[in-house]
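These are the structures, in structure tokens.
Below are two complexes that have chain A in common, paired first with chain B and then with chain C.
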Partner chain A sequence: MNLGTVRLPEMPSLSMLRDRSTAKLLMAIGLGWLTIFFIVPVVVLLFESLNFGEGSLLENYSTALSGTYLRTLGRTMAYAFITTIVCLVLAYWIAYYIAFKAKRQMLMLGFVLLPLWVAIIIRYFGVSLFFLPTGPVQQTFGTDFGVLFSTTGVIVGLTSALLPFAILPIYNSLQSIDEELINASQVLGARPMSTLRTVIFPLSLSGVIASALFVYILAAGSFLAPAILGGPGDFMMANVIEQSFSYSIPLAAALSVVFTVALLILIGIFNHYANISEVLGDL
Partner chain B sequence: MLEVKNLTKYYGDLLAVDDVSFRIEEGEFATLLGPSGCGKSTTLHAIAGLIDASSGSVHLRGKDVSDVAPYERNIGLVFQHSALFPHMTVEENLRYGLKMQNFDGDHDDQVQKYLEMVQMADHADHKPDELSGGQQRRISFARALVYEPDILLLDEPLTGLDRVLREDMRNEIRSIQQEVDVTTLHVTHDQSEALSMSDRVIVMNDGRKEQVGHPTELYERPETEFVAEFLGQSTKFQGELVDSPSPIVQAGSREIHVKTNGRFDPADGEEVSTYIRPEEITVYRSPQANGDVNTFTGTVRDIEYLGHRAELEIELGDGTVVTAFSQTSDELDIDDEVAVQFDPEKVICV
Partner chain C sequence: MTELRTRLAFYPAIVLVYAILLVPLVIVIATSLTVQSAPTIPTDGLTLDWYVSLFQNQRLIDAMIVSTIVASATAVVAGIVGTITAFGFVRAEVRMKETFATLMLLPLMISPVITGVAFLRFGGLLAIPRGYPQIILAHSILALPFVFLIVRSRLLTFDERLEDASMIMGANRLETTFNVTIPVIAPAMIAGMLIAFVISFGEFTATQFLVTPSTTTVPIIIFNQIQTGLSPEISALATTLVAIMIIVSVLGDRISS
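Here is the complex of A and B:
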């Protein structure tokens, strides 16, 4: 299925660099950085996760894939999934409004981006203040609707934090739809809802896929949202890994590997249905 | 069939269409012709319902559709850059209108018929981006006709095609239009396109309607300076009308004899613009004062060889440059002294 591509800022091409040795040097710096701070740690992590003492080599993995840890993995994926769905629905609505209805698009986009200037932890505290017994929700309704320190709290927090990442790619893809196609659809007899369903939505699918990917990965890796807004039963993988790090680095390493592989598998399945490389072709 | 009444459109303070009215009869091929920015596209979009007019109304088959949404107007529109849906095949593009309009009749047959009409039946399963520019226009044309709209609107549909293809497509559009017998309003800035295809041309300039008429009428009897200058080539002489004993326009020291034939009735002393088309000018090799009226001497300044003839730029004594044609066998050279002569009957007065 051809989904079009998301427009992303262009990288300066290497041919633009006149001196070949400069290009090589730049590449070496980049590759060196990647090697030292990404590849080496991953190799160390893999090595750490193996058990060279008594028992099976993969003992840490059997712990990581058992009982409470497996449930946490499942919970992490489920929370990320729910967050993604909620974010996509809200983001599509907002992006559609900005792209087609708003008079001052840049101002609206500014509002979308504004929260990104505030540290994420402060935003989560903001959300929790909102629902605290002294906060406006409690004061107005006499209840916090069970949001605080619960699954709902985590989802609300993640959604509010990640919404800008969902809005931007969708807005971008909506923005790049040729207005004449929408006009054509109308003249051909399609009512606004039909035009949205048959023309606008299919043509913005690349943005939806990019948004889903961003939000899912960011949500799944979230540490602060469950820590600040969740209850004791809402821990996600990042929290569990951080916790186990304090008493068993090998287990933390094994959990990290399991988590990463699980995410990669999910992305792989997603890719099977929606060709990500086509959507993010310009990356 | 289609009637536009006092259509006016402001964009903010900018007046894009200024009180334009015209009507098109059933089955006619009409063209809105004018330079870019003259308001012709805005007029077309208002007819399609894609923009709201500031005032005025649009009537289709006697019904005021000014407040009817575009999806309920039953209009076919061919866009400037075809605007085919890129995520649908050719066939799906054609089916779209049938489905959305709930077309009464067999959709398969209808799609097949119109694909054959534009000679694209072999490409039903292709995506638009697999087609050439010309093929895309054909599909766009079929898509606009397949649900048998009341009127077909063409918004510069040949933009961006090369000259040869444009000319082929022109003939093809005209013959399909006649075959389907659909009332058509075409928008273009290309005068040869307008003159060759249309039953009726509406010339627009600066948001206003200048003149409406059959192509020959517009070319031979323009009513405004704009129409005279916009359509075809001509040389302009401007001056006061002196009516003694036959009408003469006194353009500087030059006397242009004209025949108004009652069509044109200015008062004595009025400022008049006269135009003479290059094909009405006879060029004589040696300047001779044979006493004929409207004979002037000049020097050949430029020759543009066009194969079957040459286009000459001849500078008269007072610096006026006359555009004329000559037979290529005339063997004129730059700086040759020549005489130009034209019949008072052929002088256009505005």
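Here is the complex of A and C:
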């Protein structure tokens, strides 16, 4: 029996807030705010890095791209890279467990989220207390295994601080995999490892990319990890910028520009392979 | 048998990950209760003396008040701006919306050191007063991407037909906004404000450039004390900060759900 369909009269959209111009206005307010209080200050900094006095216009840049500063830039990128790899390995391992094997998923996720409510400086302080002469490691073993005030210390600190940002996107992507696909792969005779390699991992790649991006950016910009846990040779760009600010603002400005451009180029290359705002929108 | 293999394969990860995440917090809290004069894990008794001396130190109390004022103001500013922006982004139909959304995330991508330096110079240029105004504005910029992301993801589930229903029932636009739209958005906005409060309360890197002697925040004091010498008092101060953040987050969670 066909009851037919009831046709509602075409109604104009009523909501004022769906009204395109209002929404656009709200969007413009946000972008305007960002421009005035963030983009303009950064552009002003760009101007301050130029040398309008004696000598070449780009004099500060020749300093910023020389010897120790260039090495610091390389070190920053290298430390961020190592931290990203360590975080990804640990994050995938634990996220896989939480998503597919764990019985108390919510509890385990809760403890991943908990550190995010604690100021990052306090977490670095906790890591340093752990390895200090008064801390449990040295009290037990008589040595800190060379962790404190070293490259290892910086990496351990960054990993501790940024691990939640790595776990969440990977967990989300694993969680949203259709279990039927995994079952199908197993029914068709794939061993667990080959299911992981050919089905699960490719489907979770968006989460892995989001994690990598997030951890890399936050690690590269870190000031506190080298300041609290690193030695004098472990300074990263943020520390060098802060240091140079006290004696030469134009140099600090030039270093900021060099660092930001280097990071943006990396992000740009990355964006070529994966859309960032889509990736971060999943968070 | 497979149960055992699962255990062997994953228990190292569980132990390692949760140790890395939680041991630093546990140590900070534990060392604040030590009876020694160095921040050790207490094995020979517990004491609250460090909290007592903390609350007798006028400088620290002042810093806590400053931090609370800054974080509350940041929550309001970033909460309002972030919610407005997220609402606009969810509803507007413009070309290159995703590119603009990426722009909103810029303060997250650029190191807070640069934000701090840039803001100090810019603040001087525009004669934005040093102290509270500069710190609060800088914090609201740093918190903005987080508020934006959280509010936007919550608003995506907002059923716009609720507004239509209200108007069909005879409410005018103003009534619809106040009786339907705002109550629906409010929990998302509170969640965003909460994040902003927590970010502001713990921010150090950009803040170090902007503080003045009368507007020193708690993270600045913690950092200076770490540099100059360790006393369990820092652990007590850090634990107090953790407690305030967790209380705020629990309260906010209650209100928004």
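Criterion: the second predicted complex is superposed on the first by the 246 of 283 C-alpha atoms of A that agree within 3 Å, B and C clash if a C-alpha of one lies under 4 Å from a C-alpha of the other, contacts with A are read in each partner's own complex, and residues count from 1 in each chain.
Keep in mind that, in the parts below, contacts are C-beta pairs under 8 Å (C-beta built on N, C-alpha and C of every residue); 3 or more make two chains touch, one makes a residue touch a chain.
Predicted model, so just to flag it, every value in this text is computed and none were measured.
Participant: In this superposed model, does chain C or chain B come into contact with more residues of chain A?
Facilitator: Residues of chain A touched, chain B against chain C: more for C.
Participant: Determine, under the contact definition given at the top, whether A:Val112 touches first (chain B), second (chain C), both, or neither.
Facilitator: second
Participant: Pick one for A:Met27: touches chain B only (first), chain C only (second), both, or neither.
Facilitator: The second partner, chain C, only.
Participant: Identify the partner contact of A:Leu163: answer first if only chain B is touched, second if only chain C is, both if each is, neither if none is.
Facilitator: second
Participant: After lining up the shared chain so the two structures overlap, which partner does A:Ala184 touch, if you call chain B first and chain C second: first, second, both or neither?
Facilitator: A:Ala184: touches chain B, not chain C.
Participant: Which of the two partners, first being chain B and second being chain C, lies in contact with A:Val199: first, second, both, or neither?
Facilitator: first
Participant: In the superposed arrangement, does A:Gly231 touch chain B (first), chain C (second), both or neither?
Facilitator: Neither partner.
Participant: Could you please specify the touching residues of chain A with respect to chain C in the complex?
Facilitator: 13-18, 20, 22-31, 33-34, 37-42, 44-45, 48, 90-91, 93-94, 96-97, 101, 111-112, 114-115, 117-130, 132, 134-136, 139, 156, 159-160, 163-164, 167, 217, 220-224, 227-228, 237-238, 241-242, 245, 249, 252-253, 256, 259-260, 263-264, 267, 275-278, 280-281, 283
Participant: Quick one: in the complex, what on chain B touches chain A?
Facilitator: 48-50, 69-77, 79-81, 83-87, 96-97, 100-102, 127, 143, 147
Participant: Which chain C residues qualify as touching chain A in the complex?
Facilitator: These residues of chain C touch chain A: 6, 10, 13-14, 16-18, 20-28, 31, 36, 38-41, 81-82, 84-94, 98-115, 117-119, 121-122, 125, 137, 140-141, 144, 148-149, 152-153, 160, 163-164, 167-168, 173, 176-177, 181, 198, 201-205, 208-209, 219, 222-223, 226, 230, 234-235, 238, 241-242, 245-246, 249.
Participant: Okay, in this complex, where on chain A does chain B touch?
Facilitator: Touch residues, chain A against chain B: 2, 4, 178, 180-181, 183-191, 194, 198-199, 202-203.
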